[in-house]
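Take a look at these structures.
In the two complexes that follow, chain A is the common piece, with chain B as its partner first and chain C second.
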Partner chain A sequence: MRKCSLDKLNLIFAEIAKDAALYLPADQTDGSAAYKKWEEGTALSDALNTVRSPKDFFFPQTEDLMKFKTQGKNIDIIDIRTALEDFVIFGVRACDVKSFDILDRVFLTEPVDSFYASRRSHGIIVSMACTRPSETCFCKTFSIDPANPAGDVSAWKSETEIFFEANTQKGEDFLNKISSLTEECDDTLVATQKEAINKIMDKLPLKNLDTSAFGGGKTNELFDSPAWAELSQSCLGCGTCTFVCPTCQCYDIKDFNTGNEVIRFRCWDSCMYSDFTKMAHGNNRLTQKERFRQRFMHKLVYYPENNDGLFSCVGCGRCLAKCPISMNIVKVMKKIGGNKSE
Partner chain B sequence: MQKITREQLIEKASALLSNSTVSCVLGWGMGEFDYDVTPTTFNSVEELEKGFVFSDFCGANFSKYLVKKAAACEGKILVFLKPCDTYSFNQLLTEHRFDREKVYVVGIPCEGMADINKVKAICGEGILSIGSKGDKMTVTTLYDDEPVSIDAKEVLAERCLNCKSKKHVAFDELLGDEGDVIESNRFDEVARLEAMTPDERFAFWQNELSRCIRCNACRDACPACTCEKCVFDNPNSGVENKSPANSFEEKLFHIIRAYHVAGRCTDCGECSRVCPQNIPLHLLNRKFIKDINEFYGEYQAGAEEGQRAPLVDYTTEDLEPGEVFDRRDSDA
Partner chain C sequence: MNNVNDTLIPKVGVITDVRIDTPDIKTFRVVTPDGKKAFDHMPGQCAMLSIPGVGEAMFSITSSPTNEEYMEFSIKKCGCVTDWLHNAEVGQQITIRGPYGKPFPVDDVFAGKDLLFIAGGVGLAPLRSVINYCRHYRDRYGKIDIVYGSRSKDDLLDYQEIINEWSTDSGVNVHLTIDNPQEGWDGHVGFVPTYVKELGFDTNKVAVLCGPPIMIKFTLDGLCEIGFDKTNVYTTLELRMKCGVGKCGRCNVGAKYVCKDGPVFRCDELEELPDEY
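The block that comes next holds the complex of A and B.
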């Protein structure tokens, strides 16, 4: 384990930024935090989490895939991919690090998504332990430990110091680059911090969320539950939950005709939207109840069915904080799955 | 902070259910915490007693829900409306968006609603409970051994700090006074933006709108946005877009929306309340309201049912388009 004083954090950022684009959570003018590219003067935010998740780095909201140009009877297909450079995402919380595993299972299984794969291979993830979780946090439900965040490098921040530990070869290389600014240390202080985090985790109001009603094979049991109508009755059909979610991965591919060429791009889609997965025959989810059900069945039943029981929720709590009507996955799990603590 | 209590509202709703005046109640449903209430339909006294809440976090404007819920309710639906909600109610009636006969409105007084983000800015994350008594709120958190006492006025939502009216402009009965239109400073921020140079103003909106994630929450919560199929959702419209392809589209969406609701927006503030990125969208609409007031005389959308908005009405006194340009030139 290596450490350095927080006064030197800026020097570390400058060192990292010499060879790679460095992104970190920074405070915005409205009081929230967002990942920003570091430049001299950018300070690491103390916010628990960013409004947008870091999935944007690997799976951006919009992305051009290719261009077509027609001349007479010829169509030129123009490859617009460019070589990527390495980049570092600094300060990723444990829940968000886990979300990358969930996205990997979608984008890196055959057929591999080359756009995603390329970004993923160029990204270095430096995670950060959560010393002050929110009441909306429930990562423990999904066996995520905010005291031991994964990633290429794990970091822990105290009032005065920051501690680093490498978990991968990429992480070792990263720590070697900043070795002149850090010093070797034992893990006594980090162990104390972990203990404090665990104590807080035991006090979180959502700590006993029960997942046993969900998982692969539960489709028939849950699909026709009368609770969906009640839960979705006030859903506005906006895309907030899906767009702030670190694991939502649905997208649409569209062509934009500029007049003399066509740009094929993809953009995030939302199962909450009325034209989501619209097909030639029309739409297969006609009411908001069906769209709403799709989102939670996907996270709690369909995804685990195809991925060894892994749920596609990481308990980051963004949907709890941001849904305009305060309807969210926790309320769904409690209503449909019952709750041990009640 | 609120003067009316959950118990009073449940009593009123139960009485109206019991004497069959209404067959369902649109109210606020209890959440996981003390602040995450969900608009909910209650069908019985038992349901009300189990899940109905009323607190400083009941900001949602129920008027738009009536478009769908009034039709879905077997008999009449009881809706509790705060003064600002009643303006949206009238505006929707003017636009024939629901059947007035299907709705029973109980007007309730409002002391202003709290903004949970402001509470968190003071108390931090980890809120376990929020109690309210008089002008004080008591907040317990994971990280403070003692409850924190805060001044309720400090955490008032922006729209409530600039409350334009405590008057109920539509109701079947009232719990409390009819209330009055009040003086507000709601155009101060617009005037501040108007006083900027075009470059400063552009930078202001660039910064704000750059955070937009195109979730459409502003549109979907807006009582003036009740098109059955929004042009931006319609793949056949040719302008459907699910995400901002660039910073131009980012702004375009919001500016088009502001134009579309101009003259119909009652300034209820739902757009800014629901925005996950805290973009002050209400300022775009307030600019239109301020302009309409200055060009055509004071006009408040939703003040009366059936009124004609200046933009869809004609009088010989209407100002000429050229006068708008004159004003623009004198600004520059």
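The block that comes next holds the complex of A and C.
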């Protein structure tokens, strides 16, 4: 384990930024935090988490895929993919680091999505333990330990120091680059911090939320539950939950005609939207009840069925904080899962 | 980076022939600009066709894999992309990518069996590929029965091919029907599900169904009534798709993705899925 004094953190950032774009959570004027490209003077936010998840780094909200030039009856397809440069995402929380594994299982499964894969291979993830988990956090429900975040490098921050431990070869290389600014240390202080974090976790209101009612093979049991109608009754279909969710990965592909060429791009989409499944011959999910059910059944049943039991939720709590009608996956799990989830 | 193939990036295709099949269905012949087939496929698989600036949509490949010169797509005019295609002329370039999905099990499950194909309307499009594949390798299969129905005589797809080729093959029986009586039609009149029951096939065969959802439902019920087991009945689904490879989430039903786990499903497998297709 390596450590350095927090006074030197800015020097570390400057060193990293020499060969790679560095992104970190920074405070915004409205009091929230957002990932920002580091430049001299940018300070690492102390906020628990960013409003938007870091999925944008690998799966951007909109992304150009290719271009077309058309002339008369002819079409030219132009591959616009370019070689990417390395970048570092610094200060990713444990829940969000886990979300990358969930996205990987979608985009890196054959046939590999080369757009995602390229970003993923160029990104270095430096995670950060959560010293102040909040009442909307339920990562432990999904076996994520906020005191032991994964990533290429794990980091822990105390009042005065920051500690680093490499988990991958990429992480080793990263720590070697900043070795002149850090010193070897033991993990006594980090161990104390981990204990403190776990004590907070034990007091959080969602600590007993459990998943035993869900998982692969539960479709027939849960699909026709009468509770879906009640839960979805107030859903506005705004899609906010999908957009702030670090694991929601449904996308649309659209064309934009600039006047002299056509750009085909993909953008985030939401199964909560009424036209998501609408096609020329009809729509197989006609009401919000069916669309609402799809989102939660996918996260809690379908995804685990296809991915060795892994749930497609990391308990980051963003949907709890942002849904305009205060509906969220926790309420769904409690209601649909019955007493088992209490 | 540019040498990495991505499934989302299509090839250019050229429409080399447009056949008007019915008042709202045309069959498009497509090759690459150098005159070759865009890719190989198996019966039941699909391709994404697009017109830049208009959109991209999934279509079943209606020509048989045994056709080594070109691919054909029978397309009903019913939305943005299909409207545009119906206005396209020979020589028009489009984009094409694929093949997508699981094909009909023509080389294992179907081998050596008697086959019953049942189609309604444009539902013949995906079945034509497998019918012509089985006709090509005629000695690998038993007796072939084809039941095909549409609204009227004018709505029967591939009519010339059915009359001139399918009906004249030995061991192939074609049973055509139209919904309502029509002048100049002396064949059967009535809906497909009822006709199938009237014909009363022996059940020791594999049945393949495709058509409007309501026709599939009633025909499947009819087949079960005359003693067919759902494990011997196959169908092919159609849902909205964007990627074709199980990532965009659109055609997800239960734990399956119609684009990659389907579009061909055995009816007993289909029964396991939530009723959302």
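Quick note on the criterion: the second predicted complex is superposed on the first by the 338 of 342 C-alpha atoms of A that agree within 3 Å, B and C clash if a C-alpha of one lies under 4 Å from a C-alpha of the other, contacts with A are read in each partner's own complex, and residues count from 1 in each chain.
Keep in mind that, in the parts below, contacts are C-beta pairs under 8 Å (C-beta built on N, C-alpha and C of every residue); 3 or more make two chains touch, one makes a residue touch a chain.
Quick caveat, the model's predicted, so the values are computed rather than measured.
Undergrad: Judging by the criteria at the top, classify the pair chain B and chain C on chain A as clash or fit.
TA: fit
Undergrad: Given the touch rule stated above, what does A:Phe107 touch, chain B (first), chain C (second), both, or neither?
TA: After superposing on A, A:Phe107 lies in contact with chain C but is clear of chain B.
Undergrad: Counting only touches as set out at the top, which of chain B and chain C does A:Asp269 meet: first, second, both, neither?
TA: both
Undergrad: Thinking of the overlay built on chain A, is A:Asp252 touched by chain B (first), by chain C (second), by both, or by neither?
TA: both
Undergrad: Report for A:Thr70: first if it touches chain B alone, second if chain C alone, otherwise both or neither.
TA: second
Undergrad: Which partner does A:Lys278 contact after superposing on A: first (chain B), second (chain C), both, neither?
TA: both
Undergrad: If we overlay the two complexes on their shared chain A, which of chain B and chain C does A:Glu135 touch? Say first, second, both or neither.
TA: first
Undergrad: Tell me which partner A:Thr82 touches in the superposition: chain B (first), chain C (second), both or neither.
TA: A:Thr82 sits against chain C, while chain B stays out of touch.
Undergrad: For A:Glu290, decide between first (touching chain B), second (touching chain C), both and neither.
TA: Second partner only.
Undergrad: For A:His298, is the partner it touches chain B (first), chain C (second), both, or none of the two (neither)?
TA: second
Undergrad: After the superposition, pull out the minimum Cα separation from chain B to chain C in whole angstrom, please.
TA: Superposition on chain A places chain B and chain C at a least C-alpha distance of 8 Å.
Undergrad: If you lay the two complexes on top of each other, which residues of chain A touch chain B in one and chain C in the other?
TA: In chain A, positions 252, 269, 278 sit in both the chain B and chain C interfaces.
Undergrad: What residues on chain C touch chain A, complex-wise?
TA: Residues of chain C touching chain A: 1-2, 4-12, 52-56, 78-79, 82, 89, 91-95, 212, 238-240, 242-243, 245-250, 252-255, 273-274, 276-277.
Undergrad: What residues of chain A sit close enough to touch chain B in their complex?
TA: 28-32, 34, 48, 51-52, 61-62, 132-136, 200, 203-206, 233-234, 236-240, 242-244, 252, 256, 265, 267-270, 273-275, 278, 320, 322, 324-327, 330-331, 334
Undergrad: Which positions of chain A touch chain C when the two form their complex?
TA: 65-66, 68, 70, 73-77, 79, 81-84, 106-107, 109, 111, 113-115, 118, 216, 219, 223, 249-255, 257, 262, 264, 266, 269, 271, 276-281, 284-285, 290, 294, 297-298, 301-302, 305-306
Undergrad: Can you list the chain B residues touching chain A in their complex?
TA: Residues 31-33, 36-41, 60, 65, 117, 121, 124-128, 142-143, 207-208, 211, 213-217, 219-221, 229, 233-235, 240, 242-245, 273-274, 276-279.
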